[in-house]
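Next up, some structures in structure tokens.
Heads up, the next two complexes both have subunit A, just with different partners, subunit B and then subunit C.
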Partner chain A sequence: MGRKVHPLLGISAGLVFLFLIAPLVLVLGAAFNDATYLAFPPQSLSLRWFERVLSLQNFMDAFLVSLTVAISATALALLVGIPTSYAIVKHRGSFPSWFSSVFFLPLLVPEIVFGFSLLKTVIVALELPVMTALIAGHTILVLPYAVRVLGASLSNFDFSAEEAAVSLGMHPLKTVLAVVLPNIKAGILAAFILAFITSLNDVSVSLFLTGPGVSTLQVEVLTYVEQYFDPSVAAVSVLLMAITLVVMVVLERSFGLSNVVK
Partner chain B sequence: MKMTPSEPLVLDRVSASYGNTEILKDLSLDVRPGELVSLLGSSGCGKTTTLRLVAGFLTPTRGSIRIGERDVSRVPVHKRNIGIVFQNYALLPHLTVRDNVAFGLKQRGVGNTERDRQAMEMLETVGLTGLADRLPSALSNGQKQRVALARALVIRPPLLMFDEPLSNLDAKLRVEMRVHIRALQKANERTAIYVTHDQEEAFAISDRVAIMDAGRIVQLDTPEVLYRRPVNEFVARFVGFENILPMQVVERRGKIVTAALAGGATLELDQGEFGIIPDHFLLACRPEGLRLAAPGNAGVPVTLGMRTYLGRAYQYQCDSDAGPLIAHGAVDKAHPGVGTQAVLSVAPQQCAILPAAKS
Partner chain C sequence: MNRKWLPLLLTVPALALILFLLIYPVGDTLAESFLPLDQGWQRYVAFFSEPYNRTVILRTIKIATITTVLSLIFGFIAALFITRCPAKYRTPLLILSVFPLLTGAVVRAFAWMIILGRKGLLNNLLLNLGIVDQPVPMLFTSFSLVTGLVYLFTPLAILSLVGVLDGIEKDVLDASSSLGANPLGVFTQVILPLAVPGLIVGGVLIFTGSLAAFATARLLGGDRQAIMPTQLYEKAMVSFDWNTAGIIATVMVLVTLVAILAMGKLARRFNPATGG
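For the complex of A and B:
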């Protein structure tokens, strides 16, 4: 690793890094500020905004809703996505070339339009409960990410290992569970993280699907900043960052996230 | 270790298609118990399709496949009991070397301790005892292929199949491994099918070789017969007869036949050496079957072109009235240069008579 890095490359890399990290630092500073308005750098440090956030029942309820929706939608997307990408990658030749693109269509539709259409059909026409509608909407929202990541992971899997297992006497269905899945573990994990974070951070789709008494955290935050301008939202953001960080560390410890990023 | 008897493999007029393209046409093949038969041919000849049919990854459109008394044509892969060694090893990446080898035994319900014992015994046979707890990613290609071999052998299948198992190894290791494979196959008395595109490898390892072209077996025989007596131009070119000359008999005197080639030059051929020579035929000659001689001798007059040094001989690209030819010349003589007129004499031991191509 003793290679020399061109100074321009080093400078541009540094700038990009700064660009990515600066907003996080600003939010972090604002969250611990004692002032009653969003400001940076903080004049005096305090934890009062964290106390306030944790005492707001709205935020706590919404967070639970967000968590439930994100976990359910991610699980459903994996349940649909794993067999889908398996079929697409393994039987590449048997499908028309446009087939796999179908699973990326949700990415093309503006989320606002998508959310509005869901409202018109799922909630107004079908009269589904809000929670069901939220989970359905988020499943469709995160499915393209899951299919994409799982597909990439499966492309690196050598299907002849599957054939070998079958030739040695394992039932083909069992082989999918006992040979294919363990070898795309990293891809499943990456798909899970990406889908989970996408769902947790979504505003546009949730905006249309939330109803009386049921709201996601991001929608609640949006509603809050329309009325107040105190650092509570910064505190919420810091908490979310912390949760994400904890999840990442736990996954890294238990599965080795470096395998996912590779 | 329990010995399952080795069984014959019979393919009876088997056809197979991908979509609308027919890959195999009425292919019949008889492999005797304990025999190793190679399927040899260039890519697209149907050799891999044949292997996948026998393994069960493909279903024949017509015909039947039998292992011993059992018709396996409709038996699913996981119930066929065939040991396959794949081209890219196909080890299970998440299992250790030991567990890879024990995998087939586990599927057969062999208990834990017995499974381990047999796996370790087989690993010892292939010389990998020290690597039992490694993952496949920590092995060299040669070691991976040994694991694959052990994994296929340990289940003692009535039929072993090899799908170009050595093509990812370097030349020296290839020779070493093919000797190893042959020794293990013989010691275990397993019937085996070996797919390859490498003529030398097929000849070195097999009892018999099936040379395939366009979904058919063109010739099936021992390496010795294939090498000396190819049945047609395709097989002849495959086994190294680089010169194929269309010829016509002009005179017969007892056993001696005089035949003319394009351009008018004539050669005298002895039926005592070649067998019966038809009126129209192809003379197939290896480069070492056409020897450089001084002008004035009997043979094919040529103009010499580029010369390459092969160690035991010089090889010459020659131009004749019958087209370009490849010939050998002795190294110890003063070597003639490009453009020299010379004559090529025919060495019958390195030549063969083929039926004329049907036009």
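For the complex of A and C:
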């Protein structure tokens, strides 16, 4: 709008942005601080907390679990989410109006209730491995995000391009692969990032799905903070933020995130 | 026949996942809390006659309500600023607002433990300035819990309000000013009513989100400020009382549903399109 900003609005907005950013800056400061207690500003800089984190075997194991779960769940959600979004966007008329909301049900159930229920059915009753339960739970958790972003992307796709290719003799399946998917590349990428971050950051579902040697990083960090309150958690936090940023940048470089923003 | 069934067929894998991994397990938890009917009823009566359980439910709703109101106020201020500042600051400010969303709830709660802890920054500051003689206990109070939750949900509030505030046309604002409305009048009579849909959408997300924010409640509220998700976890994983955990789960789902339905009703009433 670019209207004149009232000074009172400017000041209070500044305070809100400070409120949003300052705590994360503090975490950053604590991670690089040499002291054994959490103090700000850092007295002297060091990487000792990062070294400590990298030497903690349970953190490293949990990190591998988190990564495996996030990648598998995201891939699965995209695999079932792409045909779903394609069907509900292209054939909107052939479904009842409530149909698409079924895929948003995971957002309505409190995560902790979902995690507890998965523990009872998948692990205790069906006796499936913890890893399977984790991947299954996270797939459901990220599915709504995948369907929503893919759906938004497909709504902007002109399906007459697909029809043209088919009427010119291209096989329908090949048309989807060669015409539809390349056109929603940016949407797939955005869905991947959103789903990956959601899975990586989940606590409430993973909390119930742990077993001997299997636990996600967020759950390990939570347990650690409750027992030892030292700057290594700050270092883990910084590493997690860095990983998220790296995922975004790498995907940006290979697919072009700018297409998503447009 | 192939053409008619193809759309449905494409959704079957996702539907099957939702059915077997979400509806069945959660439905089972909810149903089990009532069954068999006579015992289920007794369990609910016993649960609700325990004053502590009622306290936890009421505290959860109270904390979620305060969090929703504060997050929406903070979000409104930031969103209004973003839509009004020069275009070149827009994207950086939006990135700034969204950045905390990239980190998890544990990290964001931990940040506030550094600030509010006994030897935390705020206590250090107060001690050094001589305002207090000994550290003020700030962690594990409703203050620390609400602060952590508002911190968690303000980015969401900004995101749901920026779009709505952007949609208010400059002409409408200019018209109301030129017709003699003072800035306060423009705000309360033009901007605020037009922002209601965004406030409601954001409000639902924040309210239902704070009802279930386990990590924040655990780290910043602790046992002293136990809310439904932390109590559910205690019952399920510490005391292995799965009956009670099932009842808490059912109450959480019901409160969430009521909140969503109530907000949906509000949204329809205030929707400018239906002229309510």
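Here, the second predicted complex is superposed on the first by the 242 of 262 C-alpha atoms of A that agree within 3 Å, B and C clash if a C-alpha of one lies under 4 Å from a C-alpha of the other, contacts with A are read in each partner's own complex, and residues count from 1 in each chain.
Convention: contacts are C-beta pairs under 8 Å (C-beta built on N, C-alpha and C of every residue); 3 or more make two chains touch, one makes a residue touch a chain.
Everything numeric in this text was worked out from a predicted model, so none of it was measured.
Student: After the overlay on subunit A, what do you see for subunit B versus subunit C, clash or fit?
Tutor: fit
Student: Is A:P182 touching the first partner subunit B, the second partner subunit C, both, or neither of them?
Tutor: first
Student: Which partner does A:F208 contact after superposing on A: first (subunit B), second (subunit C), both, neither?
Tutor: So A:F208 only meets subunit C here.
Student: State whether A:V221 touches subunit B only (first), subunit C only (second), both chains, or neither.
Tutor: second
Student: For subunit A, which side has the bigger count of touched residues, subunit B or subunit C?
Tutor: Touching more of subunit A: C.
Student: Based on the superposed arrangement, let me know which partner A:F116 touches: subunit B (first), subunit C (second), both, or neither?
Tutor: second
Student: Scan A:H171 for contacts with subunit B and subunit C and give back first, second, both or neither.
Tutor: In the superposed model, A:H171 contacts subunit B only, not subunit C.
Student: Going by the contact rule set out at the top, does A:A234 touch subunit B (first), subunit C (second), both, or neither?
Tutor: second
Student: Which partner does A:L47 reach: the first (subunit B), the second (subunit C), both, or neither?
Tutor: Neither partner.
Student: Touch check for A:V250: first (subunit B), second (subunit C), both, or neither?
Tutor: Neither partner.
Student: Would you give the minimum C-alpha distance from subunit B to subunit C, in Å, for the three-chain superposition?
Tutor: Closest C-alpha pair between subunit B and subunit C: 10 Å.
Student: Using the superposition described at the top, list the residues of subunit A that contact subunit B and also contact subunit C.
Tutor: In subunit A, nothing is touched by subunit B and also by subunit C.
Student: Could you list, by residue number, the parts of subunit B that touch subunit A in their complex?
Tutor: Where subunit B meets subunit A, its residues are 55-57, 76-84, 86-88, 90-94, 103-104, 107-108, 148, 151, 155.
Student: For the complex, give me every residue of subunit A touching subunit C.
Tutor: Where subunit A meets subunit C, its residues are 1-6, 9-10, 12-13, 16-17, 19-21, 23-24, 26-27, 30, 37-40, 79-81, 83-84, 86-88, 90-91, 94-95, 99, 102-103, 105-106, 108-114, 116-122, 136-137, 139-140, 143, 147, 197, 200-204, 207-208, 218, 221-222, 225-226, 229, 233-234, 237, 240-241, 244-245.
Student: Give every residue of subunit C touching subunit A within the complex, in rising order.
Tutor: 4, 6-8, 10-11, 13-15, 17-18, 21-26, 28-29, 74, 77-78, 80-87, 93, 96-97, 99-100, 102-108, 110-115, 117, 119-121, 124, 151, 154-155, 166, 170, 173, 183, 208, 211-212, 214-215, 218-219, 229, 232-233, 236-237, 242, 245, 249, 252-253, 256-257, 260
Student: Which stretch or stretches of subunit A touch subunit B in the complex?
Tutor: Subunit A residues touching subunit B: 158, 160-161, 163-172, 179, 182-183.
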